[in-house]
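Below is a structure I'd like to ask you about.
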């Protein structure tokens, strides 16, 4: 599992529009012309994780319902099974195959196969993924949202006069290390001498270990934490709540959640990107062979939201996001600096 | 931060990570002394973890959840015991099948239903909890932790002092001889396995309803195998097996706390450490281990 | 014996029947055992003795019949019920648990609380009463065979059994230990008025130690009598259902007094060995030493066997015979010394070197290392000569069956099919399979370790015949045996082994029981 | 009532009894699974339909089934050989991973092209898997470590080793494209080093891996049942002491059997990374239960390589069918549940038959004994 999907960093693209380029599948949204619209969704993680993967599936569900479409969803697809699972969807006459994350990238070759000839493909994240003619790539620059998240939480930390933050991820892999670096960089934009502690539990779903990592950080004086996790996010956030440690959400807007509570929502929700693509799809405008890159400060997502801002916090954050959007601040470069 | 707090942090975290292992290891120890190398301990723990949250969610009582978790561990053990020590089906086949079954079933059920978080209450022992270093680790815990104080000596007493335990050891060492002496070999093995089920169920339930307060897919994440490693590391002695659990728990606690203290180590290596240690202990102390001679050997009347 | 009949019946079995598949192990067996008597239970292998006792102890469910204990009909469903009722049994195998201590073994099978100090006191008390001293805190794996037997007895006697059953109790004991055992048993029946059932193959023991005898044959009671009113010959005849004529076999059964054994070697054997005496030895062991943890198991052992000669290696079990067997099977490498076969020194580090040089072995424990119980008769007959039925790595089933068929006919192996598992054969036939296989490789040397162990009279007779035949065809036979009579009956020369050393080699003419007895005791005579 | 019926059953010929019990057991599994699906709001018939459609319902489904069956069969055949020698290997999952790693390393790191690359990769995988399994033999020799224990524990060590490999850039982690963050997996192996497929998806696609698996199954059967080596293997498995007396180097042969099992598992790992089912790359999840399931196939087939063929196919059916079941709204975990239950349903009947026959003979005795007292009572 893990939310390395949309966060796999990204080649900075040259265009952020889908107009004109690529090819438009015939008959969209009923691409296969069988009179029904069926969306097939594959997720590498637990689709009941109250977070990242669930949001992806829920978004598709909600949108499809409103249009009278059918959704086939399958969670916890092992990367090894990706190709077979995608082929199975095609055989079941879906009009669109949507992958939950780039972990399932090995399914992409199916898009070129005859069995999937009449399907549209939605693939999030461009991390290490070449664009092929039969898919629509949707990506963001992973470091941007985490970077801005760090900035936002730092505003809250500064208000409280604390300087120590924590970052907890599952497996120690490049994507999670990269996110940790971006988070640190974001915080240091506000508090230059801030201390950021990073712990890898080894397993996104081992709640007990997640909690112990949190506990260790708490006793080290960490006052804000980013649980960059899967199934164990809530367990960690609950513990953080009980110790008065501020928390960020990984990917979705959970400012309304009461148990656990979150202080900052980092929104790089795959569901939101997917919803936009579905809008296009419904309108028959979703083109294959193009990459759509979601840019902070330019597009509505990704973005960062302080749940209960005080003073000028909201304005400062908005300005900061704007600067990222205008290219005045480059999250990648900042992350590079913080990471080394 | 002071060194004292660091130690306190690691110790109490270590205790919490150790407790579920220790419960299950007591059970696995009993099963192995009776001759069953029980690999379904993972299934028992995972089943216990799932059920505890499901039952707590249904009844609103974490304690009932804990009991239900124990019960499910027991049920899994009853199935295993009857299949492998009554119908005489290879215990590893049964164990592998049960592990797959419980993982599949809990994943399936968690995907088709939703549960509410529940957690048992914490007991602080006044006075003792203020002892530096060990105080917070040992005297500020969820109440089931204190069950260990009873269960470890009980396990020891059962094996070393009770008639039942004597018979269990006999059955684990030489089932043919035990049989002619009038001990119902497979019955004793079934009973030992059932104890293992109760205790592993408790371990799993404690993990969910005691430690974390919720269940997520494959929550035990291979702890059952760590338990087996701990018993082997302990060379089939209860004290050393518990030490093994504590060592593995502490190693994890350190792994999770050290980055916070500013140290990083190779994660993959550290995760593999319990297994490597168990194997190393067997290799280094080859002459000292007291492996039950009939361990993993099925008993069938008249087979010799 | 008048005394026995006056005693009340302790145990009465009526019409006990037990069927295993197509084998009727016990066929309507009636058996009455009185208090105050030692009751001998005699019978060939597979006659159903053990099965009868297992039924009695509740280890096996019977198909029909009733059990009366002190005149009351009882149901015995498990050994604990049997124990509670006052039945105690000393099993020959598998009844002590090695890593446990003496006292723990003794209380195993009881019910109720475990009380160590009481158990230890009881062990010491029972030991004192019967002259069976043992330290209750010792671990079983540190005890000798005799001491283990003592623990078994104490375990039974402590429960104050009214009926004590012993299944071949002397097979691991020295002569002195056996005598000691019988005197304990005598006390047990005379002073404490218990009943003892003694199962044995040794006629001498039965005639010397029992008051009454029941002989089983093919699951049925063939004969019952007071011991005083019968002879060993008569018992042997009842057991096999015909006359046992050969003197040698009678000797092996302990019928002939030991003193006369010196001249029991037949003229046939003597002449055979005389004819080959001047040839180079077929087997020569020179200064073999095997050590385990610094303790010598075999100590500078030297021995020769001429072609066509049967040499006995006589001694009490546990004096290095098993180790020597392992050396000659190529399983253990001596730390020094040489083995020569046909005049050539064998490089023992090469696997199968001995076998290639023409050495055949009938191992001591048939089930353990003689046959593969779950493989077919044919496979068991050829596995040593499997190369002969193999071409290009493939085994020819046809050739295998041809060879097996020839051997089965030649050695009179009785089996339903060559493809039946060896498990389904009787003990004697299993042993014939082993012998046939070993001799089928045309060995120049045959090591026969306790070849008649556990066999019935008929099978023993057959085995002797075949060993002699092998010798007369020029095979050098080394007979490893613990039975004096057997050695005396078969061998031209006897080498005596004690503590891993050859303490003396006597020609059968010089061998008397006294001289051999001193040699066995480690004193050169 | 039920006692009479079960006695009636127990009197059947053993073969028939097992057959009847198997049918009953599979039916019970079907009912249980159906109830579980229905109770959680799914449709059992739709689910079954989906599994059938996804596994054998079309040429493309067959392709997926067969792709999955191949590595399962290879693992199973190796396990059969090992079990024949009386050694219980339970570390196939780890051995598969090690084999996959070796195959990936050889093809990605070495500049080999064409069939040579493939050959070297398969060989390397077999050697690596065999060597990994042999570590357990070594531990047995040095420290008397139980083979089951060591092969089990070594699996977890292997998993961490693979995780390390795919997270380490100098080792097997995929190459970085411009700014992107590399994922914890290897690059795809070069196309020249992949196993060929005949036919193309969605038509029937037969990968060479399947032929390798079938050939190995037949070869193993011939070697086990027809050759001198197989004869020796059987002897070692049934009675190592006799085998020693017969001059067989028992420990060596048992170790060789374990190494062969490891080599087969390793080979299965290579087939995984070199065929579409493993995405042509090394991932921490590459083994994806193929080791465990392959072992189960062998166990269900009672260590007979040719019997393993249909069972490997059945497991392949469940794997490919599982991809379709999600469409019915039923979580595909149901397939894991069914798989585990089926394993029990196949291994239980022989044991149950034996138990029933034992019971029946015991109760026959009871019936015979029962009237006796009544008769006596009547006489008295």
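Here are some notes:
For clarity, chains are labelled A, B, C and D in written order, and residue numbers in each chain start from 1.
Basically, a residue touches a chain if its C-beta (ideal position, glycine included) is under 8 Å from a C-beta of that chain, and two chains touch if they have at least 3 such contacts.
None of these values were measured; they are calculated from a predicted model.
Chains that touch both subunit C and subunit D are the following: B.
Set against one another, B-D and B-C show the most C-beta pairs in contact at B-D. Each chain gets a centre from the mean of its Cα atoms; for subunit B and subunit D, those two points are 27 Å apart.
Per-chain CA centroids place subunit B at a distance of 47 Å from subunit C.
The distance from the centre of subunit A to the centre of subunit C, each centre being the mean of the chain's C-alpha atoms, comes to 78 Å. Chain centres here are Cα means. That of subunit A falls 37 Å from that of subunit B. Contact of a single residue of subunit A with at least two other chains is seen at positions 75-76, 171-172. Multi-chain contact residues, meaning those touching two or more other chains, do not occur anywhere in subunit C. Within subunit D, the positions touching two or more other chains are listed as 163, 167, 331, 333.
Pairwise, the chains that make contact are A-B, A-D, B-C, B-D, C-D.
Of all residues in subunit C, those touching subunit D in their complex are 61-64, 66, 73, 329-331, 351-352, 355, 361, 363, 368-375, 379, 383-384, 386-387, 390, 393-395. Chain contact summary for the complex, subunit A toward subunit D: residues 4, 7-12, 40, 72-76, 78-85, 87-89, 91-92, 102-103, 106, 113-115, 126-130, 142, 171-175, 178, 332. Every residue of subunit A that touches subunit B in the complex is listed here, in rising order: 46-49, 75-76, 166, 171-172, 197-203, 205-209, 211-213, 215-217, 219-222, 231-232, 234-235, 238, 259. Looking at the complex, you find that subunit C touches subunit B at residues 59, 78-80, 82-83, 89, 91, 93-100, 104, 107-114.
Those residues of subunit B that touch subunit C in the shared complex are 161-163, 166-167, 169-170, 173-174, 176-184, 290, 293, 304.
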